[in-house]
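Sending over a structure as structure tokens; questions will come in a sec.
Chain naming follows the written order as A, B, C, D, E and F, and within any one chain the residues start at number 1.
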Amino acid sequence: MRRAIYPGSFDPVTNGHLDIIGRCCHLFDEIVVAVVVNPEKKPLFTVEERQSILRDALGGIETGTCRVSVDSFGGLLMKYAVEQKADAIVRGIRAISDYEYELQMALMNRRLEPRVETVFMMSAEAYSYVSSRLVKEVYQLGGSVRGLVPELVEARMSEKLGRTSHQ
Amino acid sequence: MRRAIYPGSFDPVTNGHLDIIGRCCHLFDEIVVAVVVNPEKKPLFTVEERQSILRDALGGIETGTCRVSVDSFGGLLMKYAVEQKADAIVRGIRAISDYEYELQMALMNRRLEPRVETVFMMSAEAYSYVSSRLVKEVYQLGGSVRGLVPELVEARMSEKLGRTSHQ
Amino acid sequence: MRRAIYPGSFDPVTNGHLDIIGRCCHLFDEIVVAVVVNPEKKPLFTVEERQSILRDALGGIETGTCRVSVDSFGGLLMKYAVEQKADAIVRGIRAISDYEYELQMALMNRRLEPRVETVFMMSAEAYSYVSSRLVKEVYQLGGSVRGLVPELVEARMSEKLGRTSHQ
Amino acid sequence: MRRAIYPGSFDPVTNGHLDIIGRCCHLFDEIVVAVVVNPEKKPLFTVEERQSILRDALGGIETGTCRVSVDSFGGLLMKYAVEQKADAIVRGIRAISDYEYELQMALMNRRLEPRVETVFMMSAEAYSYVSSRLVKEVYQLGGSVRGLVPELVEARMSEKLGRTSHQ
Amino acid sequence: MRRAIYPGSFDPVTNGHLDIIGRCCHLFDEIVVAVVVNPEKKPLFTVEERQSILRDALGGIETGTCRVSVDSFGGLLMKYAVEQKADAIVRGIRAISDYEYELQMALMNRRLEPRVETVFMMSAEAYSYVSSRLVKEVYQLGGSVRGLVPELVEARMSEKLGRTSHQ
Amino acid sequence: MRRAIYPGSFDPVTNGHLDIIGRCCHLFDEIVVAVVVNPEKKPLFTVEERQSILRDALGGIETGTCRVSVDSFGGLLMKYAVEQKADAIVRGIRAISDYEYELQMALMNRRLEPRVETVFMMSAEAYSYVSSRLVKEVYQLGGSVRGLVPELVEARMSEKLGRTSHQ
């Protein structure tokens, strides 16, 4: 039985994230989608809201026999990974700048805890330009984010930011 | 008749920007140089000042039969582009990090409005290291920016920041 | 009236190339798709075959009021561009390695002929991994290239390489 | 039970490859190390020799409860992967140029066979500059490759290339 | 006699920095390690503390016949370099993103002062992921930074941040 | 007294190479420009011709008190560097792809011989697109290479390739 942690801000979860989670389900028996608690950032959604949105959104994807759960953590990822008895950290990769940063973090994390591997998975090319930050920016400027996030996320953004999405 | 929008912060316009505008004049009948209004950034010059500086600086370059105008906009670039009946968005590219970000934005913009193309043009190698941010930083530390911005921009920076440029 | 040259090996043309040509049609009045004659390379299709395939494939895309023609040339691209009275060279860009090489060539070409601009256009994310080389490799190993090239290109590869495509 | 394929030329296997295989053993129940048969390349070792060297070298690493076997294949990787009932293709990544190429191949492979995931694993920083090609080049120029390949690989290179390694 | 300046924030100095300084000692007769005074950043250690830590840490490395001193400066690096009669600026490079930024700065600096060369040196692969920012982040989250910074730096971080390092 | 080796193919030397050599003269007391003998490549000029062209071209640059000599070597660079009692290997860097490869080689070279440092210097932005390969390609297609190589190199290319340069 193998368990992976898929950590992230998920502020909010995008279809790119869900695509990665669906792919992970073919490779692991359990996946913990873990919202990172970072007191220095000002998120759009609280940690609780992000977890609740994730749970709802996970209902819309195919997870097969894989058990997917949602959690949150503060502090060092690798301490959390060991507590969770995780075999792997999963990271989605897109662009070069992502990749550089991800590589640096993965080397540091391996040094902190060599028993947990980092594996990189590639998001579908359709989501290659989709990030939570860009989704929020487009939405706040009045653009449509349909197809980039699940409809329920769009509804939650509409509640939070007080406008009806259109286009 | 083809119209392009060249959007940017232009805080202030550099010789690299003017080089791109001059090149665009060979390819389009009309170019709208559009200052992005971004309430979250703290610019050196106001939107009005940036437009006025742009208009003055455009007097110094060869535009042939191309009509170049200066404007500003807030909100979504692609909405503005459609309102302006633009055929293309022009972006100057230099380094890799630029390129990654530009590609992500262009893919998002194409999804928001497939009728408007993004075209990338290359600034001259002489301006490959010139950015508004670096120009301001060097000027504020007392360095010369001659040759990197038009003289009138240097004069406006001197008024604003209260020192006489030298070297 | 503005004319662009879209140079390449086109051995064979892919849907990524056709996507770029279709986009160019919004920006130029005439496009010359120009097959590069390179005696040092061993192509799958002859220059004549590549031109004939291109002409057939162009029948399948929307070109609007833009006049698209097919030609071939040897020697220096910028000499050909001047002979053709072209205003621009169009290059499609995808990955970083592409970009580096393209930038180097564009700077050299500008030096050889400053009157002709190079503009870069971005292929759709769906074609971000499609190259003539990879299409040939996959086909020769028995894989399907449906959706990556027009059907008529698949038929021509089948004739040339003597196998029926399947999947 | 999950099975991964780790494909490559392995001409010859390096400590970087063995590092990746050891890491994979934490994540999969079975790993097939698969030598790619490529008639167009001129390898130092035959396919049979490379398989035999791999089998010997695998004796020197910790594989836990994971079953690691050695095989070879020609033709399309994804056909082989389906025949082998593999859940994943594993690729080691190092530099940017690697990454670009790997991403392109992985997107093509996903299109050819969406049921098989590609996962990327990072080789240890100590092996970040080690490739089979560079190992062969250094050895042939008379340099030491100790620490970059297992000792038995050094011995096999010595037999093949007729010199005693030193330093 | 040749003198180099090695500028940086050094907040705090890492083993990666010390590795670069040690390497520079083979190439220059004098090295000035210069702490950049940047009023806009909020450092962990004051400029004075950073200089004092640097002096202590330099005691632990091999400098041969090279004279290494510690200093600080505000304003334009190239003015400082000329005042110091420096022949070169030394910069350590690691990742791509580093490299892009470094190249831009170096081209600007050459324009500001062509008499001072910028030379890039490569930190050891063991330190390829070590930055002051990441060291502080890991330490503050409770992780061990042993081996990434000298022990005396760990002690100073412990005093400053009020926890005992462990692991 | 410090000595550096600047290795390369120099087939032929370009103004970019000469720019790097001139810069090195500020940092080292002796520079050995070393033509790499590579029996697997088919150069335009023989090793002897390349050395002779280099000696002529070096007459045209400012070398100050630095002693610059020309040599050639086969086999392992680091063996040659030790024989030559060199303190450093100098490499010019331009693009990303260069950089990746250069970094890999430098890490390997450090492992082979930790006593010799690799330092990277940046060629002027005016030469950022100039490589021996591109110079030859442009010349052979009939383009002008004036300003990219010294005039004497142009003359030697004309003798070798039997055409008069023009433009």
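As a working rule, a residue touches a chain if its C-beta (ideal position, glycine included) is under 8 Å from a C-beta of that chain, and two chains touch if they have at least 3 such contacts.
Just so you know, these numbers come straight off a predicted model, no measurement behind them.
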| item | value |
| --- | --- |
| Co-neighbours of subunit C and subunit A - touch as defined | B, D |
| Chain located farthest away, centre of subunit E as origin (C-alpha) | C |
| Homomeric contact subunit A-subunit E: same or different residue positions, threshold half | different |
| Winner on C-beta contact pairs when D-E is weighed against B-C | B-C |
| Chain centre separation in whole Å, for subunit D relative to subunit B (CA means) | 48 |
| Chain centre separation (subunit D, subunit F; CA means) in Å | 35 |
| Touching two or more other chains - residue numbers and ranges from subunit A | 96-97, 103, 107, 125, 128-129 |
| All touching chain pairs, where touch follows the definition stated at the start | A-B, A-C, A-D, A-E, B-C, B-E, B-F, C-D, C-F, D-E, D-F, E-F |
| Of subunit B, residues touching subunit A in the complex | 75-76, 78-79, 96-97, 100-101, 103-105, 107-108, 111-112 |
| Residue ranges of subunit A touching subunit D (in the complex, touch as defined) | 2, 23, 26-27, 87-88, 93, 96, 99, 103, 106-107, 110, 115, 117-122, 124-125 |
| Residues of subunit C touching subunit D in the complex | 95-97, 128-131, 134, 138, 141-144, 147-148 |
| Subunit D partner contacts - residues on subunit E that touch it in the complex | 96, 125-126, 128-129 |
